[in-house]
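Okay, so subunit A shows up in both of these, paired with subunit B first and subunit C after.
Up next, the complex of A and B:
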C-alpha cells in the first residue's frame, strides 16, 4: 500500500498500459446526496409525465393511461439508474451533479450488465425498510466504499474529475537543505506531501506534525517545520540549486 | 529537471491531448482520433515520470485525471446491438439455462412442491388454504373465478383494460423476477423465500378455486401464459441462486471474486427471465382473458409448454461447447 492510500481515499489501479492511476473513492455521504438528488429528479419526472398523461387521457381513455403510467413507473423504478450508468456519463444525473462516476474496479467504464446488477441489488442494500442499512454497513466495511451491489457487480463509485487541490500557498522555502540520511521512496513522498499540503494547515498543526519527525529535522517547533520544508524543496529542486557547500554546513550542525 | 521545467516543457502537448480527449468525449467525429493511442501512451509515460520523480501532488493529479479521461474514451464499451440479441436468443440463453440444470431442478422443486402440496391439501382440509389466502384473497378469487364460465372476460370489457392489465403484469411480474434475482444477494435466502412464497400462494389460489369455485374458468385463464411466466420465474430463481451459492460456497476463489464471477454467469439468466415474463404478460394481457372455447385455450397452453420446454432443452445444443 502506498503512502497516498494510507493518507487518503485514493486507490491505485494499474492499467494495461503499465501505468498506475489513482482513483478517489466516493464515500457514503456524498453518494447519499446523489441519491437524494436522483429521487427528486425522479419525482419531478413522474409528476411531469403524470400531467402529460392526464391530458392525453382525454383522447386515449383512462385504462390505457393507467397502463402507460404503470409502465413508466416500472421503468423509472428499475431502469432509471441502469440506463444512465451504462451510458456515456457513467452516472445518474444526481451522481453527475455531485461529480461522481461508476466504473469497474479495474478502472474501465462499466457494462450494461454491471449497471443492472449493481442497481437491482439495491433491493437488498436498501434493507432493512429502506434505511440502506445493509448498503451503508457494506460501504463502511469494504476497502473501496462498495455497497453490496457494487461488490456483486465489481464496480466502484469514484469522483469523476478530481477537484484540484485547494491552492493555498505554502510558506515559500527559505533554503534548500539536503537530506541528512537516505529516505525510502515512501518516506520521501510523505515529506513532499507534507510540503504540498502544509498550506492547508494552521501553524500549530504544522508544528504538531513536524514534531513527529524531529529525528529527521533535528529541531522541534517552527524551526523544525522550516527545516522539513527546506528538505522537501531540496528533494524536488535539487538539480537546480543545491550547492555542495550547504551540505557541508548542515553536517556541521549535525555533529555539534 | 524540476517540476516546473517538466511542466513547462510538456504543457503544450498536454493541452493538445486534453483538447483531443474533450472533443472525443463530446461524441462528435474527430479527424485526429487516430492520434489518441499515441498521445495516451505519452501521457502514461509522463504520469509514471511524475510519480517516480515525485513531482508532487498538483502535477500528479492533473496528469492522473487526463490519463483516466483518455482511458475512458479508449475503452468505452460498444453496445451489443442486433447481432448480440440474435445470438442471445438462438443459443446463449438456452445454453446458459442447461449449463445450470442443477439449479433448475432446485428452483423447480422449491416452487412446485409447495404448489402441488397446497392444491392437494384442499381435498382434505381447507384451513391451510384459508390461512394463506385470507378473507380478502378468498373474496377476490370468488369474484374472478367464482361463478359462471370465463367470468374474468367480463372484467376486461372496458376499452383499454387488456392493455392496462398487460402493463400491470410487466410492472408486477417482471418486478418480481428482479426481486427474486436480488434476493440471491442475501445468500440465496431471498430467492428461496420468493419462490416458496409464490408456490404456496399460487397453489392455495388454485386449490381454493378447484374446491369451491369454477375450476374451468381458472385453468383456462392461466394455462395460456403459465409456461412463459412460471418457467421465467424459475429461471430468475436460478440467477438468484447462482449469486447466493457464490456467497455460501465460493470454492477456491475469494468470496468477493466468486461473487463477481457468479453475477456474470447469472446475467443471461436474468435477461432471459425478464424476456420470458414480458412475453407472458403479452399473452396474459391480450389472450388469456378472451372468450374462446376452453379446448382451444388448453390446446394453446399445452403448445406453449411444449414449445418453451423444447426451446430450453434443444435450441443451440450444437453451440454448447462454446459456453464451456
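Up next, the complex of A and C:
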C-alpha cells in the first residue's frame, strides 16, 4: 500500500521553547464571510461619518466637508484592515466575529509592516475586476490557504477560538475499574472521548467500537462497553477512596 | 474502503474546519476531479451547445440544472481517494452513465433545489440508500453542520456568477489589442431602450464563462459538502474513537475477531439503516414511545381566550403637525434629516437583531463556550474543595505547626484561605492561576475577600514554599488568630 501523508488543515509549528503547537488554518469560505461582515461594517461606518459630516457641512460649507469626506474614505479603504490586524486583536472586526486571527506563519503575532504588506496586496488579490479571483485561486492552491498578500507578508489566517466539544455521555457507570495496562496520553484521551460522546451513538455502534479493544476490556458486546465506561470513569475521577482493586491479568496482553 | 487506510486525518472538527478539509481534499486531487467533472458533463455541454447555439440562456439553465451529475463524479473520486483507493479509468467510465440516471426523477426533479444537496448527494451515491431509509439518514446527517451546508448551497450559484464575471474580466485583460471589434460592436448594438434583448455574442460569452466558472466552483463546493459529510459521520459514529481503539487493539496484540473487515459506505453502521439488529426481543421503540405517550399525563390541553379589540383612535391633527415641523426647517437639510432618521431605523433594526441573535446564530448543537466556568478544584497542585479541608482550619494549622510540620501547616492555611475566598467571597479562581493571579483576583473582589490578610498570608507562604524560610512562631500565631473567614452564621462557634 502506498503511504500517503494524512491530509489535515493543521500546521505544526515548533516554538523556541521546543514546544510544538498546531495552527488551525482557515479556508477561503469562512474568510469570505468575514470579508462580507467587514464590508458591511465599513459601509455602515461611512454612512454614519457621512451623516455627521453632512450636519457639520451646514456650518462649515460644502467644499471643506467633501475634502474631509474623501480623506476619510481613503483611510477607511486602505487602513481599516491594517490598523485592526496590527492591533491587539490581530483581526478585523469581521474576522473576530468569525473567530479568526491573522498571525505569522511561525505562530507569532503579525507586525505593522506585515499587516501593511498583506493588505496593500489586496489590490492584486482582488483582480480581475474586484472579484478576488486571484486571491481565492491562490488561497485554494496553497497548502496553508494563503492568498497572495499572505504569501508576500508571510502570514496565515487561523481559527482563534476552540469550539467546546459537546459532552453527550451516557448514564454514569456504577463502578470504577482500574486500567489493566498503562495507556499513552492519546489512548487515554480516546477512552475518555468514548465515554463523553457515546450519547451520540446508537447501542449497536457503541458495541462495534468497543469490540475493537476486546483485549483491553476482556469481554465483547454490551458487557465490554460497560467495562470500558467503568475504566473511563476510573481515569476521569481517579478517586483515591476507591478500593484498590486487584489488577487482573488478561490473557494475551503484553505490557511493554 | 477500510477506515484504517483513510488518507485524511479523522478528528471531530467544527463545521468550517470540515469545509476546509474538503477544500484540501479537492486541492490534492484537483486535476483528476476536474477531468472527471468534464467527463460527466462534457458530452451534454457539447451536444446541447450545438443544439441550442442560438438560445444561450436556455442552454445555461439546462446545464445548471444538470450540474449534480458532475458533482457526483467528484464525489466518486474523493470518496475512493479518502479510503486510499485510486479508481481505475474503467470504473470511472462505467460510473459516467450512472451519474446521469441515478434517481433521475428525484435528483433532477424536485430534489435539485434542496438546500441539503451537498450532504444528501453522498447518502444517495455512497451509501446507496433509498426511500424511507434515505429520508431518515439524510435527516440524521443534516442535524449537524446545517449552517455551513446552507452557506455552501447559497454561495454555489453566487460564486459561480461572481467568478464568471472575473473570467470575462480576465479574458478582456488578455485579449490582444485590436481584437475586440466584434465585442465592441455587440455592446453598441445593445440598446438601452430594450435592456432585456441581449446580443447573442454577449450572451454566449456569459454562458461559456459561467459554465467554466461553474465547473471550478462546483469541484470545491462538492468537496466542502463531502468534508461536512465525513465530519458529521465522525461525530455521530465516532470514527476517530474507533480508529484510536483499533490502533490500541493492535498494540495490545489482539485484534478483535470479525472487526477487521468493515465496509463503511456499504454498511452504514447506524441503527436507523438496519433497525432490526438492535431490537431483538424488545418491541420496536416507536411502539414503546406511542405506549408511553398515550398516558393521560402527556395529554396536551389548550385554552383559547378572546381578547376584545381596541378601536384605533383617529387623529386629525397629525398632518398639520408634520407640516409645521417641515415648514420651519430649511429645505436643503430635509434629506439630511431623512437620512438621520433612516440611520436611527437601521440602528433599531440592528439592535433587534442583536437582541434576538440567538435565533440567527447556529451553534451546531454545541453550547456556548462562554457558559459558566466551573470553579477550580485544584489550584497550584493543591486541592481546594471545601470537603478536603478540616472544619476548623486555624486550629488544625496550629496543631501541625506545633508538631514541626511547618510546610504542611502553612500550606493548609493557604489553601484553606483560597477555598474560603472561593466559597464565601465568590472569587473566581482558575486551576491555572499562580499565587500572584490569586492575589490579584482577591484584591479585585474587594473587602469581602479580606485582601490585606490574604496578601500577608501569600507573602508568608511564598517565602516558606519557594525560599524555605520559615516565619517566626509569633507570625503564624497571628495569622491563625486573625483568620477572618468565618463560616456561615449558624456554624459560628459560641
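Definition applied: the second predicted complex is superposed on the first by the 158 of 256 C-alpha atoms of A that agree within 3 Å, B and C clash if a C-alpha of one lies under 4 Å from a C-alpha of the other, contacts with A are read in each partner's own complex, and residues count from 1 in each chain.
By our rule, contacts are C-beta pairs under 8 Å (C-beta built on N, C-alpha and C of every residue); 3 or more make two chains touch, one makes a residue touch a chain.
If you're wondering where the values come from, they're calculated on a predicted model, not measured in any experiment.
Looking at the shared chain after the overlay, A:120 reaches subunit B, while subunit C stays out of its contact range. Of the two partner chains placed by the overlay, subunit B and subunit C both lie in contact with A:161. Of the two partner chains, subunit C is the only one touched by A:54; subunit B is not. Applying the stated contact rule after C-alpha superposition, one finds that A:20 touches subunit B and leaves subunit C untouched.
Of the two partner chains placed by the overlay, subunit B and subunit C both lie in contact with A:193. By the touch criterion stated above, A:81 is placed in contact with neither subunit B nor subunit C.
Contacts of A:67 after superposition on the shared chain: subunit B is touched, whereas subunit C is not.
Subunit A residues 161-162, 164-165, 189, 193, 197 lie at the interface with subunit B in one structure and with subunit C in the other. Touching subunit A in their complex are the following residues of subunit B: 1-3, 25, 27, 40-41, 44-45, 47-48, 51, 54-58, 60-62, 64-65, 67-68, 71-72, 75-77, 79-80, 158-161, 163-168, 170-171, 174-175, 178-179, 181-183, 185-186, 190, 243, 256, 259-260, 263-264, 267, 270.
By the touch criterion given at the top, residues 15, 17-23, 60-64, 66-71, 73-74, 77-78, 88, 90, 103, 107-109, 111-113, 116-117, 120-124, 148-149, 151-154, 161-162, 164-165, 167, 185, 188-189, 192-193, 195-197, 235-237, 239-240 of subunit A touch subunit B in their complex. For subunit C in complex with subunit A, the touching residues are 5-9, 11-12, 14, 16-17, 19-21, 23-28, 30, 84, 151-152, 155, 162-163, 165-167, 169-170, 172-173, 220, 224, 235-238, 240-242, 244-249, 252-256, 258-259, 262, 269-272, 277-278, 333, 336, 339-340, 343, 346, 364-367, 369.
Per the touch definition, subunit A reaches subunit C in the complex via residues 1-2, 4, 6-10, 24-30, 32-33, 44, 47-48, 51, 54-55, 58, 127-129, 131-133, 136, 140-141, 145, 159, 161-166, 181, 183, 186-187, 189-190, 193-194, 197-198, 200-205, 208-216, 220, 252-254.
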